[in-house]
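Two complexes follow with chain A in common, the first pairing it with chain B and the second with chain C.
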Partner chain A sequence: MTATNISRVALVVFAGLLLAVPVVMPMFVSPFWIDIIAEILIWSLLAASVNLLLGYVGLLSFGQALFFGVGMYGAALSVIHWGADFWGGLAVGIVAAMLMAAIAGSVAVRLTWHYFAIITVVFSLILYFAAMSAKPITGGDDGISFSTPKVFSFGDLELSLADQSVQYYTILLVVAACYGLFGLIVRSPLGVRFMAVRENDRRAALVGINVYLTRYLAFVLAGGLAGASGALFAFFGRYASASYMFYHVSGEAVVWAIVGGAGSLLGPLFGTGLLIIFRELISTVWEHYLFVVGAITVLVVMFAPRGLAGAWSDFMKVIGRNKPAETPTSNPGLSKPAADTKLGG
Partner chain B sequence: MSIRVELYRHLAAKPLLIVRGALRSVGGVSVIELVLALAVNGLVWGLIIALIALGLSIIFGLLDIINVAHGDFFMLGTVAALTLTVASGSYWIALLLVPIIGFAVGIVLERLVIRPTIRQASLTIVTTFGLSMMLQEGVRAIYGAQPRRMEAPIEGTLPLFGIDYDVYRLFAAAFAALCLIAFFAFLTRTKLGTWIRAVRHDPETATALGVPVARICAITFGLGTAMAFLGGVIAAPITTVEFRTGVDILPFCFMAVIIGGLGNLQGTVAAAVLLAVLEGLVTSVTDPTIARIISLAFMSVVLLVRPNGLFSGATR
Partner chain C sequence: MRSGGEDIVALSVAGLTRRFGGLVAVDNVSFELPAGRLNAIIGPNGAGKTTLFNLITGEIRPDAGRVRVHGREITGLKPHQIVRRGVSRTLQIKSVFSGLTVAENIRTAVMVHEGLASPFRPASSYVAVNRRVEELAAQVGLSAHLQTCASTLSYGDIALLEIALALANEPRLLLLDEPVCGMGPRETEETVATIRNIARTVDIVLIEHDMEVVFAIADEIIVMAQGGLLARGTPDEICNSPDVQEAYLGAPEEEDL
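Let's turn to the complex of A and B:
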């Protein structure tokens, strides 16, 4: 069996496991873990949005929480004020986040490297402060809560998010759709352009790729992913709060993406899963689990900068021997460009 | 009456209503006087923040590291100041010892955490973010989450533009200014300082000429850390001591460094003072959140229009 086949089988098994969660899990552990898995799926989309930028276009964003927050408020406010149902709220959240990304991105992607990281933090801080002080609309730190979203129906069968399994499968459906779309995009010509820009923006420009536009598209798409994550989280927690727009949330997403492995499609999902399960296990025993998360972050960057996905592809190489694994082998977006290319465009 | 005007340690969550109320309620104080007092307060904080931001700036200029943990180094400085003051009974011993501790902490962290990851330039942001989490959570685990206050070592107030201003704050500003002057003198007048500037300018040539570049990098990181600690010990009596203080101070330091120009040291100092005074002035007419939003927006414009800083060209 070649490495690719093993990866494929592993993926199918993994998908099967995710589908079986609400049925199988209560047999072994508390049903509370179904919600944890759902939470992992949701947060992994935020990590995926970091990954799209860092792993595929080579831009380190420390401000994805901004789009998470916009998605969250888009969903919550449309449910509260317009009585939107789940799908309506989700759509509003995603579109609002993409619009915000389209505005912020038009200036942010002019910069690269450190400057890009800083300006994304700055933008998210500005909106964070604004959301914090606009209490009548956003509820500030306390946030706004809304009642269980309207039931959504297929034909005459009505399903409600109040049911844990329905909620889980709904989240799984949306998250899987997002990953499917993400996968399609990175395998499309656009995805190839992403990677060309990541590897060497100057050469990419010379072969006729519009570097600015490519980065811009990636930024807007990443905003959409973060927005989907935020909207789902709003439905999951039935509330939205400005505190989720703080840069620490963005930082955590970066940590998940890197621990999972930037530049691989599903790596960040596993990174998110690992750290959230870890949090759930440790935080009951020791409230200062963040200390360990920080230590893990430092250690991963030091010893395994390609994360779990890197370890997996190395493992596959050992097993398959003849065929290298599919994941990109270079260390994406992490090398420092020459001094004169520091500033993009 | 005494108005304790405390800016910049407040985030949006704690709007500074005292100042707005003051505009209406203080009978004997004219608006102009209050604005001047706020400007002076801005200057005091600006000088302290300049010291911290300068540490951030030399670390960036030499090592290309965006040190997200820098605010937490400041926080560690305030915690160390409080601990040492309680232990030794004198603030002045803490003032002497804390920067030395900071230097040692910096040297150790550089060797353990920074050097192994220095090759992945953008990942150092992630490393220092992890470090920041560890420092904050470590302090919370040891000292608890309760914010604490520290007695000012110099008591008394001075009438200043119609309000009673703490003498210690004026001392803090003067001391911070003195440290800034001493630092620039060190950079230009000593051999080590010259080496640091040489490595900043051209590491290859410096290596070829026999400058121990690796050691200079370690010393620079130590110095940068020491400056954050020094800022912490100076600011400890006029701010709260808790594990989150660094989170409040970091964005401001970054603004100073960016607006002054990444790695441009004089620019950093000028920008810190300018920003703090401006925020102080803006705060006198509106609430501090708006002031912070305005300076952040100003910073984005600078970053986009003059990415090498507001003063680029002047010193390069």
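Let's turn to the complex of A and C:
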């Protein structure tokens, strides 16, 4: 079995496990863990949003929580004021976040490096304080709550988020769709432009890429991912609060993305999972669980600079390299690295 | 090999000026280069050659002056717009997409001209693009390295990859900034042959310090010194010009001519 095939099988197994969660998990642990997994899926989209910028166009944003918050309020307010259902609320949340990103991005992506990081923090702080002070609309720190709208109704059959399994599968469906779209985009000609800008923006311009526009599109799409994350989290918690727009939320997403592996599609999902599970396990016994999170982060950055995903692909490369060595060759001295890659991939 | 077009001006620069603080890097430079010939620009270090290229390709803005390519005004356009008008360049300090393979590097440059019509179609499924990637690699002699990561290429091969990237937009004008710098004698010879080959269909302006290369392939030479034009002529004329001897060829690092 080649490394690519192993990765493919691993992905199928992983998808199977996610599908089995509501059925299998209660057999072993408290059903409360179904919600933890759902929460990981939701938050991983915020990490994916950081990843789209950091891993694919090379921009480090410390302000993605802003779009998370806009997605959250987009969903909550459209349910409260317009009586939107789940899908309507989700759509409003995503579109509102993308609009916000379109506005913030037109300024932010003119900058790079730390200037970009700083402006994203500044934007999210401005909007955070604005949301905190607009208490009549946003509820400020306390937030606003709403009752769950229905997800589907076929005649008599009504599916509601109040049912834990329905909620889990609905979240899984949306999150999977987001990753699917993300994957398609980064493999498309637009994704090729993203990576060119990340690798070398001067050279990118010299092969005819509009670097500004490319970064801008990535920023708006990343806003959409963060918005989807926020909207889902609003439905999950049945409320929205300005406190989620604070930059420590953004910072946490950056840590998840880096631990998971920026530049890989699913890496940040695993980074988010690992750190949230640690938080759940340790925070109950030790209030200073953040030390553990910090330690994990430092260890990963030291020993697997490309995150969990990077460690996995290195491991797969080792497997791929061992493979041709097993097949007897008359003249092993002639095998070149390039030939190995072909056999391994 | 070129037919017609000889009367057209490939590159026309008028009053081009750029200052860096007190230094006038390019000082009121005007010239016209006819199409269909291989033009070289030579001059001592700091003469302003690279800055001239930067001004033509829109990477820095001129303080004054205009640039026309094949009769079309490109002054003030952004670098990517100028590339799309058929002007390409290589850089003096070679730089490519170092984290990508040679094939991915070239595919990136070719893909740019495909547009974003179908946002969800995988980039790898564009058959014509893949064919063009192979053609370009063959043209610069990198076919054997298609799957090599650019970060592990030799400096000479990076220079060749840069030429392949520059050819991806099917340029009408190609600006080469010291293309054989850092290459061994055999590589230099091959690259010179490649450049000659390209020159049959593309107008080339070449900055080069290697006089052997310049005198071997240039139809016409422009000499720059201290931001200005010092002389212009055929290789023989330049070789025998006293001005050039003094300002350039007679400099400490004597070139053997």
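Points to keep in mind about this one:
The rule we apply is simple: the second predicted complex is superposed on the first by the 316 of 345 C-alpha atoms of A that agree within 3 Å, B and C clash if a C-alpha of one lies under 4 Å from a C-alpha of the other, contacts with A are read in each partner's own complex, and residues count from 1 in each chain.
The rule is simple: a contact is a pair of C-beta atoms (placed from the backbone, for glycine too) under 8 Å apart; a residue touches a chain by one contact, two chains touch by 3 or more.
Everything quoted here is computed from the prediction, not taken from an experiment.
In the superposed model, A:119 makes contact with chain B only, not with chain C. Applying the stated contact rule after C-alpha superposition, one finds that A:8 touches neither chain B nor chain C. Look at A:301: by the touch rule set out above, it reaches chain B but stays clear of chain C. In the superposition on chain A, contact is made by A:191 with chain C only, not with chain B. Put simply, more of the residues of chain A are touched by B, taking chain B and chain C as the two choices.
Applying the stated touch rule to the two superposed structures, the chain B and chain C interfaces on chain A have no residue in common. Only residues 184-185, 187-193, 195-196, 198-200, 202-211, 338, 341-342 of chain A touch chain C when the two sit together in their complex.
Contact residues on chain C toward chain A in their complex (touch as defined above): 57, 59, 78-80, 83-84, 88-89, 91, 95-100, 107-109, 111-116, 118-124, 126, 147-148, 165-166, 168-169. Of all residues in chain A, only 60, 62, 107, 110-111, 113-115, 117-119, 121-123, 125-126, 128-130, 132-133, 140-141, 248, 251, 254-255, 258, 288-291, 293-298, 301-302, 305, 331, 333-336, 343 touch chain B in the complex they form. Residues of chain B touching chain A in their complex: 11-13, 15, 64, 66, 68, 113, 116-117, 120-123, 125-127, 129-138, 140-141, 247, 251, 254, 258, 262, 287, 289-290, 292-293, 296-297, 299-300, 303-304, 307.
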